[in-house]
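In what follows, chain A forms one complex with chain B and a second complex with chain C.
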Partner chain A sequence: MSIKVGIPRSLFYYQMYPLWQTFFEELGAEVVVSENTSKKILDDGVRICVDEACLPVKLFHGHVISLKDRVDYLFIPRMTSISKGEYICPKVGGLPDMIRSSIKGLPEIIDVEINLRKSGSSELESALDIGSYVCKDGRRIKRAYIKALDKFNEYKADVERGFIPGDDINRKRNIYVVKNSELLNIAIIGHPYNLYDSYVNMNLISKLRGDGINIITHEMVSEEIINSYADKLNKKVFWNFGRKALGSVRHFVERNDIKGIIFVVSFGCGIDAFIGDLAERIVRRNSSIPFMFISLDEHSGEAGLDTRLEAFTDMIRWRSKNESNFSAHG
Partner chain B sequence: MKVTFPHMGNTYIPVKALLDELGIEYVIPPFNNKKALELGTKYAPEMACLPLKINLGNFIQAHELGADLILISGGCGPCRFGYYGEMHREILKDLGFNMEVFTLDISKKDISGFLRNIKRITGEFKPYKILKAIKKTAEVSKQVDELERLSFKIRPREIVKGSADRIYKSFQNSVLNKKGAKEIKELIDFTRKNLLDIETDKSLDPIKIGIVGEIYTTNDPFTNFRIESRLGNEGAEVMRPVTVSGWIIDHMIKKALGLKGDESYKEAAKPYLGAMIGGHTQETIGNTVLLAKDGYDGIIQILPLGCMPEIVSESILPSIERDLNIPVLTLIIDEMTGEAGYLTRIEAFVDLLKRRKEEGLIAGKRMLSWN
Partner chain C sequence: MREKGCYLGIDVGSVSTNLVIIDSYGNILEKLYLKTGGQPIKAIRSGINILADVFGQSIDILGAGTTGSGRQLANVIIGSDIVKNEITSHAVAAQKLVPNVRTILEIGGQDSKIILVRNGVVYDFAMNTVCAAGTGSFLDRQASRLEIPIEEFGKYALSSTLAVRIAGRCAVFAESDMIHKQQTGHSIEDIINGLCEALVRNYMNNLAKGKELAEPIVFQGGVAANQGIVAAFERELKAKIIIPEYYDVMGAYGAALMAREKMRHKAYKTNFVGFDISKKDYKVSTMECHDCSNMCELIKIISDDVVLARWGDRCGKWSELDRNYGQVSLGH
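Here is the complex of A and B:
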């Protein structure tokens, strides 16, 4: 029987699943991903986690609970940094410690530290460490990692072309076409685990799309563009998400095809509190593009979200119609 | 150009010494106060951490007194502190205040960069003078810490309650009128003598409480409702391993000189926390372990609402509480925290610790869970 590696469908999963799933499968392990977020997972997470944590961290606890009795290993890497000179978030860095302290009866945790902050640190080394839990053959791990990287790059290219994880992969060509149509473009910025978890965001993406909106996430903006804008910031943003968010916001306000910007924040997220605020200032100072926050927490109600989305898109449509006689600052 | 800087507990004393020694013109914002907090809360994003809000209030109040250059220390993550300067600048800009934010970034281990930074404010480049000023500042820092620790020891033991508070408070006020390291040190000496003159009960064996957590809320008496003085007056001896001066010495001075501070807490934290994750989590976890092993009766963790690294500490502390049989009380503070409810929890905790001590509960026996 093959070794079962559990990956919680939460946090980094949404950004990196093609990488780690392929990697472990190539090593002959069976990858078990927890089911989509549900009320039970949310409730379990909220119950076991400290009150003050942000929703995504609570959810992560819930996903771990749902997985822990079904797998031989839990994959909870210590994600200190996934990019040079940048961090992710203190909570993500301390995730394995939080989980260990809060949840009893855990299988062994693969908690290898991934820290690519310093130049010279190697992701391959981390991959070798991670792989060694399920396979002793270093060359095979290397091959598996290279294959996983290919998959991951393919996936990232898809996302840049307009694919949103959760979209039916076979329909992806249709989506690319949609991108160039006459639909209204709305840019959405937010942590991937908020954008792609439709339970948490109350189907935000499909709601907007159903309303004839074309969605452009910050993940669809290329690294080069993001960096060219992020480099102009006063001080280097030392959070991976923060750089992408602020870089893409500056890019969005300079594009003339973006009709609205939505910033999705987790209630209780320290990084969103700062980056969201700075993003709003950038938009308001440099453009007249309508801007809105959507804040997600365990008490968010769907009705309230629907009303706000409707008001937002109505306003944008009204503006587009009246664009010719509309002053820049309204 | 008039410099100002944020308040955090006793920080203003060493910083004042440094600016005096360097001959820089400055304004100390009014001590942390309700109005500062209100201003900060009004203009900062709602989910920003409390220290950012109070500091914003400090700057606005200092601006009213003529300050136009904000001096802060920087950082490069992972916690939000390293981005305070940017937030403050952007917020103040949109509010129409004409204030420059100057970050003394000492992320690199090089003293020359630090000197160049200082030169930008002083306008002159005299490494010798600057180094001498830094050395004096470090001395003042150390003595301020020692004085504070002395007050922690005297409060529970003094016969006439409130004596230490009175002397210490008067020190904090009169130091504003002193100029330069020498005068400040003289005042510290004078205050030390006064504190030592307080009549105390030498036979008393008080309960001992360690204070850990986020640096601002643990060190700033306005923010934590003077917790140390209250605990002391309730008969508890307090210890707070992370001090502002220690932070200045370790993070600014030693880092600039490429020296290492005391890092025993890092080892102690290891079994519970696998890596540095930002803020003071390593200190919180490590010092809790060290204090528990050192026979302390209880630990109080203080953090501002939404403090990212201390939320990680908060979820780890119950494991240490269990493993080392030491009660831990977590206090979360924000601009809405009501003093009454907060004090009730502290009093109940002190009572619990006193009871435990009396009953002679020792490690290994069943303990009350405290949550």
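Here is the complex of A and C:
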């Protein structure tokens, strides 16, 4: 019987899953992902997690609970840094420790550190360490990693072409980028685990789509473009998400087809607090593009979200109608 | 004389449910400000009932609009032609009464908003984030704790000589600050004045930060009745604040104006079910769906044994069942 590796459908799942899944499957392991976020997962996570954590970290706890009795290993890498000179949020870095101290009866955790902050540190080394839990053949692990990287690059190219991953990252929410002049382009920036988890964001993506919006996420902007704009910022942003968010905001502001920008934040997220504020300044100082925050937390009342989204798209349509000299009351 | 072509607007908010009847020129014929009291359906029905008593058969409703956090519910009960968010509704109403308005401050029961208008269109807006400190329901609660009628609350602030410092960021901290200041012997007037200043400070910080608040500035929503808050805004902004005549029902007025706008160009008949909804029986039942681990909390609205609408499901399988919102079963 093959070894079962459990991956919580949470946090970095929404960025890395194609890489992780291919890697473990190539090594002969069976990958088990927790189900889509649900009220039960949320409740379990909120109950067991330390109170001051943000909602995404609480949800991660809930996903671990739903997986822990079904798998041989839980894959919770210690994500310190995923690119040179940059960090990830400390809570994500300390995730394996948080989980161990809060949840009882866990299977073994694969908690190899991924730290690519310093030059010379290699992803392959981390991959060999991770692979050694399920396979002893170093060459096979290397081959699996190369194959996984191919899959991952394919996936990233798909996203750049305009695909929005669903809750299940392999199921795309939109296969074709709609090039229809009737649709409004709205850029959405936020942590992938907030953008793609439809429970947490209360169906943000499909609500906007249903209102005739074409969504462009910061993940659809290529790394080259993001870096070229991030270099123009006053100071180097040392958070991985921060660089992507601010680089893409600068890019969106210069494009002439973006009619609005929405920044999705987790309530209580320190990085979002900084980056969101800087993003708003970039937008307001360099353009007249409408900008709005959507703040996500435990509340499940959708009226507040619906009102903001509807008012935002109303405003954009009203403004563009006015700019093309139609009567606003026509 | 039978008034030709009137329009109805309803704003179902967390604290108040407001109804407005306008004529075909957009003039308000009647306005009602009712407490929602946690029972929106009851409030809507009693509002319609009052309007039926006032107008009887003397007017024809050609269109109806709903807004506010209970706008979907109101739509199911009365059958409306347009269902709009509060921001758009408030902006439309403010522009009708103060045509050159550039800044709209709106504080309601659980939301506060700022709307910037430039060249006649909404240019930017913001709503309070997660905390309801500084909104109507918090003021309501403090007024009842101090045993002062809410209508009098603001007047106390005006006779204060000194504003004591109250924390405005959080309703819980604000309340404990108020209690602490009251126990150390500060006068009630000064404490209320301090609260007004705190709420305005919080509003400026939470909503108005980085925005240009150009005159004319209009202040509307239920809290605009509070003279203490108005005075604190004027001190903070160093500008004249305009309180429009119908400040407390602006959402409903906007909804009525939009219904008029939509219907006067269209040949089709209004969805409005008529003033006799008070004769019908409405029931709401709730259930938890156990078909998946989301365990959605479903709401079912039933009238005379006919299911009008269901919502609350994430997957949509229940709400899809009654897509036409029961308009057929209501006798159209």
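The rule is simple: the second predicted complex is superposed on the first by the 308 of 330 C-alpha atoms of A that agree within 3 Å, B and C clash if a C-alpha of one lies under 4 Å from a C-alpha of the other, contacts with A are read in each partner's own complex, and residues count from 1 in each chain.
Just so we're on the same page, a residue touches a chain if its C-beta (ideal position, glycine included) is under 8 Å from a C-beta of that chain, and two chains touch if they have at least 3 such contacts.
Keep in mind it's a predicted model, so treat the numbers as computed, not measured.
*Asks:* Since both structures carry chain A, what do chain B and chain C do when superposed there: clash or fit?
*Replies:* Fit: chain B and chain C sit side by side once superposed on chain A.
*Asks:* Per the contact definition in the header, classify A:204: touching chain B only (first), chain C only (second), both, or neither.
*Replies:* Neither partner.
*Asks:* Per the overlay, which chain contacts more chain A residues, chain B or chain C?
*Replies:* On the superposition, B touches more of the residues of chain A.
*Asks:* Output check: A:237 vs chain B and chain C. Expected answer is one of first, second, both, neither. What do you get?
*Replies:* A:237 sits against chain B, while chain C stays out of touch.
*Asks:* Touching A:322 in the superposition: chain B (first), chain C (second), both, neither?
*Replies:* In the superposed model, A:322 contacts chain C only, not chain B.
*Asks:* What is the contact status of A:267 with respect to chain B (first) and chain C (second): first, second, both, or neither?
*Replies:* both
*Asks:* Between chain B and chain C, whom does A:290 touch in the aligned arrangement: first, second, both, or neither?
*Replies:* Touch status of A:290: second partner only.
*Asks:* Quick one: is A:111 in contact with chain B, with chain C, with both, or with neither? Answer first, second, both or neither.
*Replies:* Touch partner of A:111: chain B, not chain C.
*Asks:* Which holds for A:311: it touches chain B only (first), chain C only (second), both, or neither?
*Replies:* second
*Asks:* Look at A:40 in the shared chain and tell me whether it touches chain B only, chain C only, both, or neither; answer first, second, both or neither.
*Replies:* second
*Asks:* Report the closest approach of chain B and chain C over their C-alpha atoms in the superposed model, as a whole number of Å.
*Replies:* 5
*Asks:* Indicate the residue numbers of chain A shared between its chain B interface and its chain C interface, in ascending order.
*Replies:* In chain A, residues 267, 281 are touched by chain B and also by chain C.
*Asks:* Note which residues of chain A are touching chain B in the complex, please.
*Replies:* Of all residues in chain A, those touching chain B are 49-50, 52-53, 57, 78, 80, 85-91, 93-94, 96-98, 100-102, 111, 113, 115, 234-239, 242, 265, 267-274, 276-278, 281, 285.
*Asks:* If we count contacts the way the header does, which residues on chain C are in touch with chain A in the complex?
*Replies:* For chain C paired with chain A, touching residues are 69, 84-88, 111, 119-127, 129-130, 210, 261, 292-296, 314.
*Asks:* Give the list of chain B residues in touch with chain A in this complex.
*Replies:* Going through chain B, the ones touching chain A are 45-49, 76-80, 82-83, 85-87, 89-90, 94, 103, 272-279, 281, 303, 305-309, 311-312, 314-316, 318-319, 332.
*Asks:* Across the complex, what residues on chain A touch chain C?
*Replies:* Residues of chain A touching chain C: 35, 38-41, 198-199, 203, 267, 280-281, 284, 290, 292-293, 295, 297, 299, 303-304, 306-308, 310-312, 314-315, 318-319, 321-322, 328-329.
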